[in-house]
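Presented sequentially are two complexes of chain A, the first with chain B as partner and the second with chain C.
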Partner chain A sequence: MGLVHEIDFGTPASKSEKQVTLTVDGFEVTVPEGTSIMRASMDAGIEIPKLCATDMVDAFGSCRLCLVEIEGRNGTPSSCTTPVAPGMVVHTQTGRLKDIRKGVMELYISDHPLDCLTCAANGDCELQDMAGAVGLRDVRYGYEGDNHVRAKNDGAENFKWMAKDESNPYFTYDPSKCIVCSRCVRACEEVQGTFALTIEGRGFDSRVSPGAHELFLDSECVSCGACVQACPTATLTEKSVIEIGQPEHSVVTTCAYCGVGCSFKAEMRGEELVRMVPWKDGKANRGHSCVKGRFAYGYATHKERILNPMIREKISDPWREVSWEEAIEYTNKEFRRIQYQYGRGAVGGITSSRCTNEETYLVQKLIRQGFRNNNVDTCARVCHSPTGYGLGQTYGTSAGTQDFDSVEQTDVALIIGANPASAHPVFASRLKKRIRAGAKLIVIDPRRTEMVKSAHIQAEHHLALKPGTNVAVVTAMAHVIVTEGLFNEAFIRERCDWSEFQDYIEFVSDPRHSPEEVEKLSGVPAETIRGAARLYATGGNGAIYYGLGVTEHSQGSTTVIGIANLAMLTGNIGRPGVGVNPLRGQNNVQGSCDMGSFPHELPGYRHVSGDAVRDIYDSLWGVKLDEEPGLRIPNMLDAAVDGTFKGIYIQGEDILQSDPDTKHVSAGLAAMECVVVQDLFLNETANYAHVFLPGSTFLEKDGTFTNAERRINRVRKVMTPKNGYADWEVTQLLAQAMGLNWNYKHPSEIMDEIAKTTPSFALVSYDRLEKMGSVQWPCNEKAPEGTPIMHIDGFVRGKGKFIRTEYVATDEKTGPRFPLLLTTGRILSQYNVGAQTRRTENVAWHAEDLLEIHPHDAENRGLRDGDWVRLKSRAGETTLRAQVTDRVSPGVVYTTFHHPDTQANVITTDFSDWATNCPEYKVTAVQVSPSNGPSDWQKEYNEQAQQSRRIAGHLEAAE
Partner chain B sequence: MSHDDGRMSTKQKLVYMANQIATFFDSKPHEEGVAGIAEHINKFWDPRMRRQFFEMLDAGGDGMKPTVIEAGATIRRPRQDAA
Partner chain C sequence: MVMQPASTELAARTAAVISEMKNLEGPLIPILHGVQEEFGYVPQESLPIIAEALNISRAEVHGVFTFYHDFRHNPAGRHVLKVCQAEACQSMGSDAIAAQIKQTLGIGFHETSKDGAVTLEPIYCLGLCACAPAAMLDGEVIGRLDADKIEEIAEEVRK
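What follows is the complex of A and B.
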């Protein structure tokens, strides 16, 4: 195996189309105009010594090690900052260059500790490499004079010396090893866009500093790891490398956290994971990462992970550890009994957006082929189901239209109800980079998110609307575009249905949709709406990125339609730089939807009522599939409470914590007779489970994830499953126990079946993924290389369809009892319900959920920052601590839902999107009042949770 | 139409959902809107939801919007043996 080595070309690639030919050390080389001499040489296989250059950041030219001589030019220019020119003749190794380089290295080494043997970077240090490369043999200067290396000089305090900063849980900063190359500073600025680091002081006194003399943990640093990657020495080093040592082999795989789907090299020593390093060839992340994928994998080996199957008859019993055979047989018997007793439709299952495509496919197959019904749903129900409906209706497919690279050509980005800096950090970094290069930004969000204003980023317009008024605001933007004649008539005539467009303009031109009218309900100044609409319509390539702030509303699907209308009106569809891009939450939300996780759809979004589609599966699987749609998650819970739904197989989801109206969810679960939970940990849902099947992590299995840009990325197994089986194998055991003839030996065989039965996946195979690295569906005869951008020559449905979007206020209204509007969201360091991230050092950044409240509302209630408050809605109440901030507007409060102790979903109600039942998370009328501790519900809940987590034979509960 | 704790029963929810769907289709021409409601419910509601829906519709459709009641004519009645 060995390590996957990536070439460092020293400076970023030039995008120029014009080619230039030059000679380097006698070799002719042709490169794009604007390429540095350093990179051109590397292209020719000649590695010029360097320290301050690396291809993830722009050249800076400070170390003077990369000097070259150019015929006909004086001096010794640095190759990293000098661009190539036609006919240039470069020499990289001459007597003069050798002397200068040795001198430079001698100076560096004279102020560097010589503890190479015990240094964590031993074997992976560029300073060491360069000393070798330039042939440094002796160092004439000692540490006698000024140095940064020793704490004391001859017994006296050395004020130039700085202690190690170990505050960040994942990496250390050891200033004594710093060569002040500023690669870290540039990485933080250019790649991450956080600007947390600076070089303080001048000349010999200069040092790297997070913020103004802060510790890393206290600074703006978001722990993305870019600086650690950029650092050529051991100054910034992963703690895991310090502890374990250098890796010996690596495997390319995909992050299992969010929908960006970053590619990583899992660097290993035996079966021990040493570190995750973002992979430069990863097409979603281009070598960047965030704190979750880069560092937060410790949950995989967390002591609370359950490794043995367990069963119990009643949820009040302690768990009993059993063999896999017993657990599988028990489940099989129970499901058979339930179906016999209550009917075929009394059982169902939930697929996981955290699991692979192959695993999801098998779960829905088990339900359709084994249970013989369509009662399958997935957590996308609670996040992006309105995207499926809205884009499906208007464009003919739920697919996001672009790849992430597209953002590099965007001129105006319109972000609606999403906070990529928290939820899709690597995409946010790429977007910020584009904005720093001049693109404009419009943000529609009730909250002043990091995107609205952060280092070197400032949104042109922030539409801080009242939660629940998305449709009105989006429609008002369309009103401006239509009434001011800013629409793209040529595009509409060619690509869209003209009569539907006529109908739509009639609708949207009505004065009730004017910004002046909409201002009254949304609270957004009319001029701001007008400004935003004009900018989006006329500012060049306009791209819309939206998130759960759009979908999780009772009019979620309508807003998605409104967004689709905006893009069609302005012709912002079908080329790079534009489009409609749903930012999907979990790593494989896209994939789980593609794989037929919805109760009305077979894989590839084909409705179950279609005879031709069912025939494909009927003949392959040897059963007659049910032609009736099945139950969606909320409907399953309703049916459970009504007594007609009794058994559920849940793979890798925690619906008790993630779904709205916790009390209703727990009532539904409690009414079931067999709840099977397959997961890594005893999650909240498992409190109501009768069977627990231990799950495996993404490090322990082969498969694929599909990210938000429809990119199918490989997940590769780097270690043996600690629980014994990968999740797909567990589902297969269950299927075999039910008498189904399944014999998959490897997930690639599952993908082959998917390709055979799903037209948009027809040419996807592990072989192709091996060759191409990744591929974006549709991938079939028409697009063998995949489809980075959709709707290029026309919409999937034929003509784009404009649909009226009437604003209807939600029934969730504020009043005297509940005068504030609660909206919910996520933060960077935690992920979804936090089951994984809470079991990593990421808790350093987010120990608890906080309630953000405007100073005005806080003062009215006598609340101060940090106070315990009671948060109450008509559904329930909970307590948490307040954070007083003007990030939220008066009348609006905001919290996250990462911690089970908070149970923010006790508060959320059962209102949902009209088309898809996606819950209305983003608007709940609440009251906030002072409190002195956890609510009765929280106490009861905790007690119940503790009781139900007991395992017979174990002294303590598992959590 | 809510319970004491502010929650709807399953049947109340179904009426509520059907009315929500109808509200979206209000902005369409009448015929098209009614057809839209029926198509939506046929596509997304499982048989037991439709069965409960018809129980209420057949009992007079209390609380249902007129367009929902009208759409009832083209919503598929679930087969007896359906799940």
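What follows is the complex of A and C.
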């Protein structure tokens, strides 16, 4: 084993195609034009001493250690800032250079503490390495005099010394160890794009300063960890390294938070995780990370994690810890009894988009093969099911068309209903980098998000529409493109169905779709819509990125179709830099959809009614599959309330907190006779469960996740499951108890079965993933290396299909009783229902859900910042604190849904997307009024939750 | 004593300076100069307003502001006397001159007299080496400093 070592080339790679040959220390080396001498040398295996250079940021040339001599040139130029030239002869080690380097190191060390043995960076310190490399033996200048090292000089206060900043929960800033190389400052600017750090003062007074000489936690810092990674000394160090020590081995794996799917090195000491470090070769993240993936893994060892299976007859009973055998047998008997008593269709299950592809595949297999019905659904129902429908109808496949690298060639990015800076931070950093390089940005969002305006980012057009009017605005953009003749006729003639296009232009050209008409209902000025449409159509490579602000509406599917139309109209599909990209919320929501988690689809999006598809499984699994689609989540809950659906197996999803109309969900769950929850924690859904099967974390199992760019990434086990079994093993135990002949010894065997039965995965195997690092489906005979960009020569469905997108206002309307529109979203530091991030130090940034309200609306109601308010809709009410801000428009309020105490979904209604039942989370008519504290419902709920979390023999409830 | 302006007034005056110079190429340094001219120093409260207006981070404004010693963190006295301490002036006895000035005014470098009359600062080269030792009072240079000229300066600032 050992640590996965990554070579630091010192400066970023050049993308030039022209090659240049030079000689370094007698060796010939050929590199792309524009490469630095430093990088070229490293290519030849010659490491030039350096401190301020690292290949995640551009060359800076401040440390004066990497100097070289070049034949025929004067002086000693720095190798990081000097580009190679043909025929150049470079010497990296001469007497002159050695003297200079030693002298420079003496200066550094004369103002640096000499506590190497007790320093947290011992063993991972570039300053230490360089002192060794240049052969530093003594420091002529001594250590007396002016310094930044000691708090007192001869008993007198040393004002140059600064105390350690420990405000950030995950890393410390110790200014006494800083060599002011600016790597952190540049990483924050170039890689993360937040610009939270600077060098204050000058000369000997120069210090790294977060914000304007603030604490890290109070500054603009978003704790992405790029600065910590860039720091060559112990100045910025993970607290976990300070506590545990240096790791001894590492394993490359995939983050289990959002759909970006960043690759990390899990750096370990034995079975203890020391830190997560983003992996440079990760094709989704290219060596970057966010606060969640980098630091927020503490939930895996949180004291509230449940490690023993538990059962109870009634949900009012306390839990009883039992053996795995008993829990599995109990579940099997209950499900058998229910099916005997109420019919084959009275049970079902929900797969998890937090679990691996292999685990998801097994859960749907258990339901189809074991339960013998199609009552399987997944949380994509409540997020991106309209994407599946909309892109399936228009293009023929249900996934993003690009890889993330594509953004580097985008000229105009159109973001609709998404805030990547909060929900997909690593992608946001890559997009921001492109925008700083000159690409233009259009944002369609009711809120002024970080993508509309933040340091060095300013959207060209912000369409701050009234929630619920997406379809009208997107159609108005198409109207402008069509009526102003900005569409790409050649593309449409070649790639799309021309007669459908004729029908579509007739529809979209109608004056009722003009920006001037749409302004009346969306509140977006007509000129802004026109400007945005013109820019997207004519600004070069146009790429659309969208999120749940598009899908979670009663017309979610229609908006997805509208977006697909826009891309087809302008020919922005099928090459790098363009495309339609749904930003998937969860690590494996793409994968869970791919794996046949929907009641009407078998793996690979093949409808259950297809005889040929069913035959594949019938012969392999030895059963006759049901040819009728099963129940969706809302249908299961309805059926439960009606008394025809009695048992459910829920793996890794908290439907009580994440699904709309909480009261309806709880009524459905309460009406069931056997609710089986498999999770890390006693989540909110578990309050209604009869069997609790402890789950395993992504650190404890092998498998694969598929991210938003269809990339299948390996998840690797770095520690033994604390609960005893990986999740796929638990499902297998259940299947075996039901008499199914399952004998998977490793998830790779499950992937082999997936590949054998699913055409788009035909050539996927763990061997291939090991060789290639990752692969983007479709991966089959036609594309053995995978498919970074889809629809290159033609749409998957044949001809692209234009579909009319008639705007129909939602039934959820404002009125005198509920005059405001509530929309919901996420925040950077918290993740979805917060089950994981609330159990980490991330609460330092977001300890509770807040209601954003415009100053006008606040003043009308006599509300001040921080006041408790009652938020009431037709469905229910809750209380939370108000935050008065003009980020939201008047008439719109906004909150997050990370905390169960708030339960924003008590407020949301059961309206849903016409095509897919995706709930309308993004529009709820509400009233806001001052309040004294929690609502009656919140009190009752908390009481019930506490009661239902009791475990027999344990003194305290688990939460 | 120079009174600190109230925060709403401060914001309005800062905004006025910004709007005047925002469209210059590289507007940050001119704006900082403008703000210093407006208030006599650069109030800490102005920095986030500048950052917001230029769409850059607080850190960036702070970095530039602290890099240049000429940008003041606090209001200066009614007069500002800068005495050159660079090499040429040193060789012509500026150390002694500086000591004499400090004694006459009763303040050290980077200090303002209690009556708010004068702030004393070192400066490193006024480009007036031929007339060393040199100083600058309220933007006007003075060459060949001696005891008499120091007296004149003292009288001028005490007026």
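The criterion applied here is as follows: the second predicted complex is superposed on the first by the 959 of 959 C-alpha atoms of A that agree within 3 Å, B and C clash if a C-alpha of one lies under 4 Å from a C-alpha of the other, contacts with A are read in each partner's own complex, and residues count from 1 in each chain.
Note that a contact is a pair of C-beta atoms (placed from the backbone, for glycine too) under 8 Å apart; a residue touches a chain by one contact, two chains touch by 3 or more.
Small disclaimer: the values here were computed from a predicted structure and weren't measured.
Enquirer: In the overlaid three-chain picture, which partner chain does A:Tyr617 touch, first (chain B) or second (chain C), both, or neither?
Expert: neither
Enquirer: Which of the two partners, first being chain B and second being chain C, lies in contact with A:Phe216: first, second, both, or neither?
Expert: So A:Phe216 meets neither chain B nor chain C here.
Enquirer: Quick check on the superposed pair: does A:Trp279 touch chain B, chain C, both, or neither? Answer first, second, both or neither.
Expert: After superposition on chain A, A:Trp279 lies in contact with neither partner.
Enquirer: One more residue to check, A:Arg804. First (chain B), second (chain C), both or neither?
Expert: first
Enquirer: For A:Phe195, is the partner it touches chain B (first), chain C (second), both, or none of the two (neither)?
Expert: Only chain C is touched by A:Phe195; chain B is not.
Enquirer: Now for A:Phe404: first (chain B), second (chain C), both, or neither, which partner does it touch?
Expert: Touch partners of A:Phe404: none, neither chain B nor chain C.
Enquirer: After superposing on the shared chain, does chain C or chain B touch more chain A residues?
Expert: More residues of chain A are touched by B.
Enquirer: Give every residue of chain A touching chain C within the complex, in rising order.
Expert: 194-202, 209-214, 219-220, 453-458
Enquirer: Residue numbers of chain C touching chain A in their complex, please.
Expert: 44, 47-48, 51, 55-63, 66-67
Enquirer: Hey, which residues of chain A end up touching chain B in the complex?
Expert: Interface residues on the chain A side: 343-345, 373-375, 507, 554, 557-558, 599-600, 607, 609, 626, 628-632, 635, 638-639, 641-642, 644, 661, 663-664, 804-806, 808, 874-875, 909-910, 912, 914-917.
Enquirer: Give every residue of chain B touching chain A within the complex, in rising order.
Expert: 5-8, 10, 13, 17, 20-21, 23-24, 26-28, 40, 42-49, 78, 82-83
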